[in-house]
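Next come two complexes built around chain A: one with chain B, the other with chain C.
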Partner chain A sequence: MTARSALSAAATQPRPTGMMSRLLSSDMPRSRALSAILIVIVAGLAATPFLFSGSQPLSTAAKICVFIALVASYDLLLGYTGIVSFAHTMFFGIGGYGVAIALERLGPTWISVAIGLAVALVLSAVLAVAIGLLSLRVRAIFFSMITLAVASAAAVLASQMSTVTGGEDGLSFQLPPQLRPAFRLLLEPIFGVTINGRVLAYYLVFFAALAIFLALLRIVNSPFGRVLQAIRENEFRAEALGYRVVAYRTAASVISALAATVAGAMLALWLRYNGPDTTLSFSIMIDILLMVVIGGMGTLYGAVIGATLFVLAQSYLQVLMGAASSGLSGIPFLPDLVHPDRWLLWLGALFIISVYAFPGGIVGYLRKRQSA
Partner chain B sequence: MTDIATNAADTAELPRARTDWLPLLLVPALALLALPFIGNPSSWVTLTVAGLAMGMMIFLMASGLTLVFGLMDIINFGHGVFISLGAYATLIVLGPLAAWGQADSLGLNLALMGLCILVAMALTAAVGAVFERVIVRPVYGSHLKQILVTMGGLIVTEQAIHAIWGASPIPIALPASLRGAYVLGDIVMERYRVFAVVIGLVVFAGMELLLNRTRIGLLIRAGVENPEMVEALGYRIRRLFVSVFVAGSALAGLGGVMWAFYRQTLTAGMGMEVMVLVFIVIIIGGLGSVGGCFVGSLLVALVANYVGFLAPKLALISNILVMALVLVWRPQGLFPVARR
Partner chain C sequence: MSEVLLQLEGVHTHIGPYHILHGVDCAIPAGGLTVLLGRNGAGKTTTLRTIMGLWQASSGRIRFDGLDISKAPTPDIARAGIAYVPESMAIFTDLTVRENIVLAARSGPVDSGRLDWMLGLFPALKRFWNLPAGNLSGGQKQMLAIARAIAEPRRLLLVDEPTKGLAPVMVRSMIEAFRALKAAGETILLVEQNFYAASALGDHVLVMDDGRIAHSGAMSDLVADPVLQQRLLGLSLDAHQ
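== the complex of A and B ==
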């Protein structure tokens, strides 16, 4: 737990130095409350197999990890570069299908995972470059609409090419033996928890997400990342300063697409399944938008908070709303508004309020409170 | 009245803008080109009528969006929800008046359709006015925020539809005299599609007349060209903006009614599903151009139908292909709108 003490120490110091600062690319949370929340989230995710029993908490935690990586990669586009893409789920899906198809066709080995991931990464990069060069030259609005069209075509394609992708049913597959529930890393349980393949798979997802997040943090705090932010603030001025806006935007969308691909592969590995509804559907794209904006655009920590909040809400808010709905059952219409299936209504409202009142989302709000 | 007349006289003496015929020829050229490939003239007619009907419906749904963009520089990603809302509004009419639809009388059936359209347009216009005030107005000038916030509006309104009408798909029945098909020799034309073509043509003609032959149309076109100047001349451009937004929403509602009876199933996501086509169409047509939107809709729908008949596998990506080809030819769309 050295990381934990270092992080909290860093938050209290005005100018952080040392290992933690280097790990976070000198981009500290800059708010005590935010640091505390982040520590709780990271520690909670790291210790989930030991803290909770049963498969549902572990699945929720794995989903949070995947979405942290996915949302962070989306924030590179939306928050840092200022372009709205609706094709992010396409890259997410390519990652998922890459691993799924490779494992199904080539057998459950690590080599299949590597081949699937590599092919998916190449495909994502090529597509991202193609879309970027075609549509990033013109106004940002074109990019949004064209990515929407391309993403929907990809979703239709995936559900139609059922011989390869399994169509609407998706693909279920076997994992490499080390990740199966029957596998035992150690004969003796640690802290009463058997370290089986499932726990290993969870840590694979956890560390992959952590690596993606830290890498993205490094990228946005590099000179390259500063140029992206300059483009977001004033495209014309950035161009006038001699930065080739199209090249930078395309590079950003490629990086973001690659990270989304890895996240998709992780989700497929965790679920042992990939289908249109888990990675490709438009509703996931909307989920990503909600997470980025509510958490805080233009700061990667927002991705952590947004994804955690959203996935927890998805899993547990419905229970609360169900209780509220039955509590209000005498009154007309109100129970429908707090019906468990209507949770998205309230998150949507929160989303609109965030865009207006808290452009920096939760992270921006916490930082402002710290400096006030 | 008199100064309208003098204005008209003034404009008559100015050199007329040359009409850009080339894109207009695309649609008939495409239809003729497809004929030898399809071979059989009767299936060609059936496909063409079906494509035109589809195109008209897309046009109804897309025209409002492109006009709003042209005039206000607002891109409304939540436009699709007005389509869904218009579709669900038919339930308000179909509920108490279902008998009119079953009656074997063309008059009653058409009255029912007319009522559906009126109620849907009124509802979507009202919601559009609220949407403009609450969602869109605070974010004029920032495309990024517009995209985000209108997506938020889409989510909330879609969920509200779920809350009001329930989340499961609702089947609706077409009025009796619009079911079935006209058969002329080998040629089969579904009645409802012919009806859709008629409605689409009427709306298109109405919009062209309104935009090109009336004072308000003149103001709208001037506002697209240069809003500051229109404002400087003493017109309240804001009021114009709002009325165009409301009219655009109402058109989406009309499109939604047509689309609902075409699919005969209502889902809250149905608007968002067509939005992909709508976006492709307005990109092809040139953002802000009603004529371009019309040509683009017909083009996309016809290509989809022909390709679907000739090579079903390709149909999925034919829209994207058409868009890419048009953008290679004219990067700003078929009819680029001057200022942008």
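== the complex of A and C ==
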């Protein structure tokens, strides 16, 4: 085979890959530091029930899993396709409400979960197609405004339709028996941990998030994903190659919406509750944007880093500041500065600093450092 | 003249409040290379973009192989067999060279024989095959843009000023590549400001002025007539040798 024929083969056939490379769709982290951080995060999440006792670490880990899936799905839109949508939490909420309403109305069974999730997925797909076809032809800023209006309308609707959604109070519901704390999968503990329904619920969330992440990784590294990146860079050039930009953008919106819907369903299953503040709130949309930017846009690994840092900071910054404030007692001014009541101020300051320090996100920074 | 592949009849184009094309009439024969010449602002780029549907003609008709494409959307025009290489080295800089090429092959994997032929035309691309296209030099980006346009067999290539801003050595490489494309039977409509390159490549010539076709004929006739060159373009080829 000549050198050129070898290149032809490389262009026309998949590149030879190992198992990990296949799993990651040949999209490797491309930085040793990033690889190490990702391994620590994934291993930590996989082993959380065995590493930490108490409910807060498990709840924090479950929230990280849900937000990894949610932020990765948003990055498909923002980072890979260049679409700024504010309706992502609407699809997140549809997933949560789909499962919550089904379990509350039809009873705590797996069939209810399946029906609720299926109805939510169909509704999300229909809405994503409608928004995409009606709005993606207009200029980006108008599309963003339309999605903002639609998301606000959905939040108001969820609050007003209290007979179905529970209104502002939301819906509490029972889970299928296998996911309840009283359920025991094994009689004997493993490494001192009782494998109960709560642990099973955690692993359901963990593996759902992992599956969504790997599926999205496969999508962005497929020919379809390359077209999305081409559209992001220059839609007119993509059109001149024969690609129908609106159709591709709509398809990306639908895939992203479906992933967000599943993430919403997983959060509802974990919390055994769904309400406007847990899935539909505009502050969650801001959180998602921050996580994407901090992790690094246009790289799904950024979703893992961004979601982990953000949720950890949200969950533990106040505790850390409390400890720091106690440790600094006796010194003037400093204990007040790091008083736990000021945690939101410091959270904001940390994010501003990280955006300044890592304009390409943490993943972008680590990759740049590796290639330098 | 051989069979007409592309025909423009009284094409007018407005961009916002500006009337750019004032009734363009021309015919591009199948096979060979037609050069579109003219001063800056004459309407050459607008003509290519109008053919491609990137700016809609406000009136007139554009026929491609008998098919009216005047109001067709850009993707349909591309799928009909017209490839467009804009003047701004329009590649996708975030994608690798390989991904740029694969992206252009909409109907499936790039034919290996065709890829070999393309890389024979532009051997520099081989070295950067798996690197981001944004790392290429200006000339290499232009080569990639043309390679992308021919990744699949197309019936007509529209190329906008491929030698603009390139070093003389790259200009010579580009001329050789276009000679090879001509020899392979491609039909090319080339906008070119460099009269040396245009005269070396063109079989036919169209000269635009103020949004209209001011002259149409064989390139050899224009090359042989310094008076005509002076009248149409305000230059003589002798001064550009």
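Remarks
FYI, the second predicted complex is superposed on the first by the 315 of 372 C-alpha atoms of A that agree within 3 Å, B and C clash if a C-alpha of one lies under 4 Å from a C-alpha of the other, contacts with A are read in each partner's own complex, and residues count from 1 in each chain.
Everything that follows uses one rule, which is that contacts are C-beta pairs under 8 Å (C-beta built on N, C-alpha and C of every residue); 3 or more make two chains touch, one makes a residue touch a chain.
Quick caveat, the model's predicted, so the values are computed rather than measured.
Contacts of A:341 after superposition on the shared chain: chain B is touched, whereas chain C is not. With both structures placed on the common chain, the touch criterion links A:240 to chain C but leaves chain B unconnected.
When both complexes are overlaid on chain A, the residue A:192 reaches neither chain B nor chain C. When chain A is checked against chain B and against chain C, the one touching more of its residues turns out to be B. In the superposed pair of complexes, A:54 makes contact with neither chain B nor chain C.
Touching chain C in their complex are the following residues of chain A: 2-5, 7-13, 223, 226-227, 229-230, 232-234, 236-237, 239-245, 298. Taken in their complex, chain C has these residues touching chain A: 52, 54, 73-75, 78-79, 83-84, 86, 90, 92-95, 98-99, 101-104, 106, 109-113, 115-116, 119-120, 126, 129, 148. Chain A meets chain B in the complex at residues 78, 82, 84, 134, 138-142, 144-146, 148-150, 152-153, 156-157, 160, 282, 286, 289-290, 293, 333, 336-337, 339, 341-342, 344-345, 347-349, 351-352, 355-356. Of all residues in chain B, those touching chain A in their complex are 75, 77, 135, 138-139, 143-145, 147-149, 151-153, 155-156, 159-160, 162-164, 167, 272, 275-276, 279-280, 282-283, 287, 313, 316-317, 319-320, 323-324, 327, 331-332, 340.
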